[in-house]
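Two complexes follow with chain A in common, the first pairing it with chain B and the second with chain C.
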Partner chain A sequence: MNAELSRRALLAGGGAAAAVLAAGPVGARIPPSSLQPLIGPGYRPTDADELGMWQQMQRVEEEVAGSNLLVKDEGLNRYLQGLIGKVGGPAARDMRIYLARIPDFNAVMFPTGFSVIFTGLLLRMRDEAQLAGVIAHESSHFLLKHQIRQWRDTKRRTDVLSFATMLGGMAGGAAGIYTGDLAQLAQLGTILTLLRYNRQLEAEADALGIKLIAGTGYDPLSMSETWGQLIGEVELSARVRRKRPDRGYSIFSTHPAPRERMIDLRQSAAELKVPGRSYDRGRERYLQAIGGIRPTLFDDQVKLNDAGATRYIVETLAKDGWNGQLRFTEGESLRLQNADALQDRAALSYAAAVAYPDAPADAWRWHGIFLMKAGRRDEGRAALQRYLALAPSAPDAPFVRQMLVS
Partner chain B sequence: MNKRMLLALSAASLALSGCTGGGIGGFGLYSLVRPGRTVKVGNGALTVVTPREWNRTSRNGFTDIRYVEDWTLNGPYLDGISFISALPDNRRIIRQEYKADRQVPKFRSVMTPPEIAALIESLYRVEGGTVDWRTLNLAPRPFLGTNGFQLDFEHLDSDELWRKGRAVGAVIDGRLYMMLYDAARSHYYAAALPDFEAMVASARLRR
Partner chain C sequence: MRRSLVLAAVGASLMTSGCVQTRQYADLQFAPPQGDYKLLVLRPDVQVGSVTTGGLVEPRADWTEQARANVIAALRAQQGGRGGETLIMERRDSLAGVPPEQVAEIERLNAAVSQSIALHKYSGATLPTKRRRGLEYTLGEDAVRFGQRTGYDYALFLHAEDSFASTGRVALQVLGIAGCAIGFCAPNIGGAGQFAYASLVDLKTGEVVWFNVLQAGSQIAGIKMGDIRSPAGSAQMVDRLLGRMKAGREVRRAQAAQRRSQ
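Let's look at the complex of A and B:
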C-alpha cells in the first residue's frame, strides 16, 4: 500500500476502506466515454464457472417468477419491459424485469439478465427519466458481466467464499431460508445481500448507465437526482427519530458511497449533455403507467409509519405540484404519528386533500372523522356521507353508517 | 402483541430449517390452558373461557408488555389469539425500540375504531412483514357489554402465505380491550374461528 493510496482510502471513509483498496482505483470518477458493454445480443456463457452460475440462476429466476409477491398488473409490466428494452443497451431484448410488492427503495440485477424492481422504487421516482436511470444502472451490471467478475475477483483475493457456498446461499434464499435483519425483504433479502458489488463496479455501472440513458434521449441529470433523493430520505427519516442515518440498512447495504456517486454522476451528466439538444423527462408517460397502482404504493409506504421518509417522499413528489393524493398521504403520515400536536396538522392535510378533484375517497372519511372529533358534527357528517357516496361498498361502510346515526 | 407471534410471520421459513414454531427463544415457552374454566388473560383485567385446550405463550418482561398475552393452537405460524387487556392511553401493543425507523402507532384513548384498525394494520406491516393488506370489514359489534367493533382482514406476508384475521374490541374507561385472532387463511382460520367466537362471547371484565 503506498502513502497516496492510503490517504485517499482514509478520506473515502472508515469501514469502506478495506473493500475499496482491494477494488483498485479509489475515488476516481469513471468517464462514461471510457466504457463499452462487454456483451452483445443473445449472450451465452462459455466458461465453466459462469455456466454453473447461470444454471443456478435459472432456478432462482423460476422461484422469483412464481412468487406471489409479484405485481400482476399487465400494462405496468409491459411498460417496464419496454423501458428496459429501451435503455438496456445491446442486450436489451434479452433482459427480463419483475416487479415485486416490497415497499423499499431498491432494484437488483441478476447475473443472467433478469432484474427485480421493488414497488417502493416506483413510488419514489418523479418521472420516467429517473426510473430509466435506475434500470440502466442495473442493466449495466449485466452488460459489464459484473457478477462473474466480482466472483472471480473475490476468489483470487481471499478464497474465503467458495463459489458453491455463494450459489447455495442464493438458491437457498430463493427456496426460503431466512437470514436475520431484512424482515421486509424475506427471501429476496438473502439474495440481495449476495448481489452486493464493490464500489468500483457500482461506479462502472453508473458510468455506463448514464451513457445509455443520455444516448436514448433521457435527461442524464436524473441519475444524480435519484441519489440525492435517496440520501435526503434516509437523513430525514433518521432526523425525525433523533438518530444518525443507519447506513447498514436497506439500499445502502447493496449500494455503497451514495454521496460520492451522486457527485460523480452530476459531473458525468454535464459531460454527456449536448448543448442545444432537448432531453426527455417522460413524467406524464410515467404517471400514466403507474397510475393504477399509485394509491397502493402510497398506502404501502405510509402505513410503515416511517414519518421522516414519508414526509421526504411526499415533499419530493410535490415539487411537481401538490394534489389530493399527496395531501392525503401527508395527513395519513401525521395521523399515524399520534402526537397531539400533529393531529391538528393531520386534520388540515385532510381538509386540503378533499379540495382537490383527485382526492381519494379515504380522504373524505378521515376528513369526516377529524371534523367529528373536533366537535364539528354537521360538517363531519357531510364529509362521511360524501365518503359513502364515493365508496358505498367500502369495508368499513357499516361502521361509518353507525357514526352517522350516533 | 408478542413480538414472537409477529416474527413468526416474517421468519416463517425458519420452520423449514428444523426450528419448531415459537421455539425461537429456545426454552419452555408454552403452558396449557384448560377448557371450561375462567382464565385471566393479559394483565388480569379480562377473563375468558376456552372451549378446548390452547397453548399460552409465556411472557418475558424484556420483550413483551404485560397488557398483552398470546395463545396458539397449532403454533404461531398457523394460528394465534392475542388478548389485549386494559391497555392504557399512549402505550403500544408491542414493545419496540423507541428510535425504530418504522413504528407501530401508540394506542390513544381518543381513538375511533377506524384509527384502531389502522393501528392493527401498521402492526402487521411494520412487525409482521406484511406486504399486502386487505380490510374486509369494519362494523360495530357489542363487546364486554359495551359498543365495540369488529375488524376482519387478510394479509399476504413476506413468507408468501395469506393469513386472515379478526379483531373484536372496545375502548372502556380510556383503555383498550381487544381480542385479535390471526391464522393461515386456508384451513386454519376457519378451523379455530369457533373457538375464538366462543372466547369472545365468554369474555368478561374483571374489576
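Let's look at the complex of A and C:
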C-alpha cells in the first residue's frame, strides 16, 4: 500500500510523460516450453549474496512458522503440503507451505522455498486444479530463483544509476549546468525498469507454473480461470461501492495486467493440452480438504464488508451448484449491508439456505427471525426451535428460548 | 518488518554526520541492576551487511555469524563485571522448561512495545501525557508471568546491525569528493554504519525500565566508527550501548539530595 502511494507521489512530479516512454510496451507471452527449473532437489546457495538472503529468511520462517495467524487444521496442512509436493517440480520435497488466516486473495513465496497461502485464496478456489495453479506459480518463483535474480538486478541498476548520477552531476558541474531535475528523471526510469523486470518474473512464474500443473495432470485452463475470477471480483466490488475498479496495472504495477495474464495463460493452456488426455479438476478432494474451515472462510469474507466481492465469490462458487452455506453467506452479506431495501432479499436467501441439508444453524436462526418479523409467528418459532436443536449451546440460545416461551 | 520500522524511525531522528550517539530513557524510579540479580538476555538479534554502490544493504551470512558470536561474548564479559547472574539465550529453545512459543510471544510483545517507544520517544511524535515522565511503558502481566516461570529478575532485548561500504560505494564517495573541485560536491553520500538498541524489562513488574539507542557512523562512505565483526568492535558496541546505564530521574534527584545533605 505504502509503496503504491509513494509511486503515485512520484508520478505527481510531472514525470508521467517521461515514464510512459521509459516503460515501453509490455513484453510478449513467454511460451511454457521455453522455461526449465534452474534448481534441482536439495538446493543450497553458495554465493555470498544468496547466503545472506537465506540466513535472513531463516528468522523470517521461524516467525511465520510460530505465528498465531496460522490455521492449525492438521489434515488441511498435510493436504497443502501434499499439493506443493505434487506440483513443485524438482524442489517439491524441499518446499514448505504455511496457511495463514488472512481473508485476502493472495499467496507468497519466500526465497528459501517456503510459501504462505492466505485463507482468502482457499475461499475463492473452485477446485484443486485452480489451487494447484496458484501453488505451482509460487513454486516457480523458487524454481527460477526469482528473488535473488531480482535482488541482483536491483543492485546492478542502482549501482549504474549512482555512478551515472555522480558522473552526470560532475559533467554538469564542470559545464555549469544544474542537473538535479535530470537526475530525478533518471531515478524514475530506474524504478520503472525494476518493475518491468518484476513483471517479467511474474510472467515467467505463470509460464513455468502452468507447465507444472499440466505435467501432473491438472487442467491447465484453471490458471486463466483464476485470473478471470480476480478481475470479475475487483470489478463487481468496485461497482457495488460505486467506485472505479483499481485495476492495479498501471505502468508502476509489479505484476502484469490480470487481463493480459489471463489471455496469455489461456493461450499457453491450449498449447499444453494434449488431445485425448483427460485432465483432473479434483473438486471433491478439494472440498473435503477445506471442509473443516470453510464456514470460517465465508464468515471472514462477510466481515470484510465488501458486498460486491462477497456476491461475486458466492455466485462464482455457485456455478458448481448452490448449497446451504452459499445461500446463507449471500443472506449474511445482504443483511449486514443494513439497507431496508435489501432485508427482503436477505430473508429470501435464508429461506433458500434452510432448504438445503447443509444449512448452518445460523441460517435457521435468521430464517426464524425474519419470519417472526413478517408476522409468520408459528413458522418462525419452528425455525428457531430447529436452530436450538442444531446449536443448543449457542451464546444466544437462552435468549432464543426466552423468546419462544413468551 | 517491525525491526525496519524501528530502524527507520530512530535513524531519522538521530541523523547527524560522522558521530557516535546514544540516547537513553529510563523509568523515573529506575536504578541500574547491581549486586545479586538474575538477568536473561533474549536471543540477541544481529545483522551485518555490505552497502552496495547504489546504497542498498546486502546481508552477509558470514559477517553476521561472526558478529553474533562476538556480541554474545562481549555481552557475557560485560555482564560478568556487574555482579549479576546472566543467561544469554542463543536460541528460543535454550531455556529449560519454557516452551519456545512463550519465548517467541514475549519477543513479539517487546518488539511491539519497542516500536511504540521508538515512535513516541525517538521520532518526534511525543505524547503530551508522557512528557517528562521518563519511560512509561510496560509489557504487562505476561512479562510478570514469564519472570515467575523462569525465575529471572530482568530481561534484556538487544538488536544490533552494522554495515560496511563496498569497494564500489567507496569509489563513488571518492568521485563525490573529487567533484567538489569542479563544482559538483557530494562529500557525504554515507550509507554504512552501526545501529543498535536495547531494552531492559523488569520481570517483577513487567515494566520496560530502560531503553537505549546507539547510532555510530559517518556520512562519508569508507569511514567507520566501529566494527562488530571483531571482538574488540563488539565489546566497544556493547559498552557504548549498555555501559553507561543511567538511573531514572527521581532516583538521581534523591541521590543528589543525599549528596548535598552529607
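Here are a few things to note about the model shown:
Note that in this section the second predicted complex is superposed on the first by the 331 of 406 C-alpha atoms of A that agree within 3 Å, B and C clash if a C-alpha of one lies under 4 Å from a C-alpha of the other, contacts with A are read in each partner's own complex, and residues count from 1 in each chain.
Convention: a residue touches a chain if its C-beta (ideal position, glycine included) is under 8 Å from a C-beta of that chain, and two chains touch if they have at least 3 such contacts.
From a predicted model like this one, the values you see are computed outputs, not experimental measurements.
Put simply, more of the residues of chain A are touched by B, taking chain B and chain C as the two choices.
By the touch criterion defined above, A:K243 reaches chain B but does not reach chain C. By the touch criterion stated above, A:A48 is placed in contact with chain C alone, chain B being left untouched. Legend: residue contacts after superposition of the two complexes on their common chain; A:G380 is shown touching neither chain B nor chain C. Once chain A of one complex is fitted onto chain A of the other, the partner contacts of A:Q56 are limited to chain C, with no touch recorded for chain B. Applying the stated contact rule after C-alpha superposition, one finds that A:P37 touches neither chain B nor chain C.
Comparing which residues of chain A touch chain B with which touch chain C, the overlap comprises 176.
On the side of chain A, the complex with chain C involves touching residues 48-49, 51-56, 59, 62-63, 66, 151, 154-155, 157-163, 166-167, 169-170, 172-174, 176. Listing the residues of chain A that touch chain B in their complex gives 67-69, 101-103, 176-178, 183-187, 237-238, 241-243, 246, 249, 300, 303-306, 309, 335-338, 365-366, 369, 373, 395-396, 398-400, 402-403.
Contact residues of chain C toward chain A in the complex are 45, 47, 49, 52-56, 58-62, 64-65, 92, 100-101, 104, 168, 172, 175-176, 178-179, 182-186.
Residue ranges on chain B touching chain A, taken from their complex, read 7, 10-14, 16-17, 99-106, 108, 110, 112-115, 117-118, 121-122, 125-126, 129, 131-140, 149, 152, 156, 158-160.
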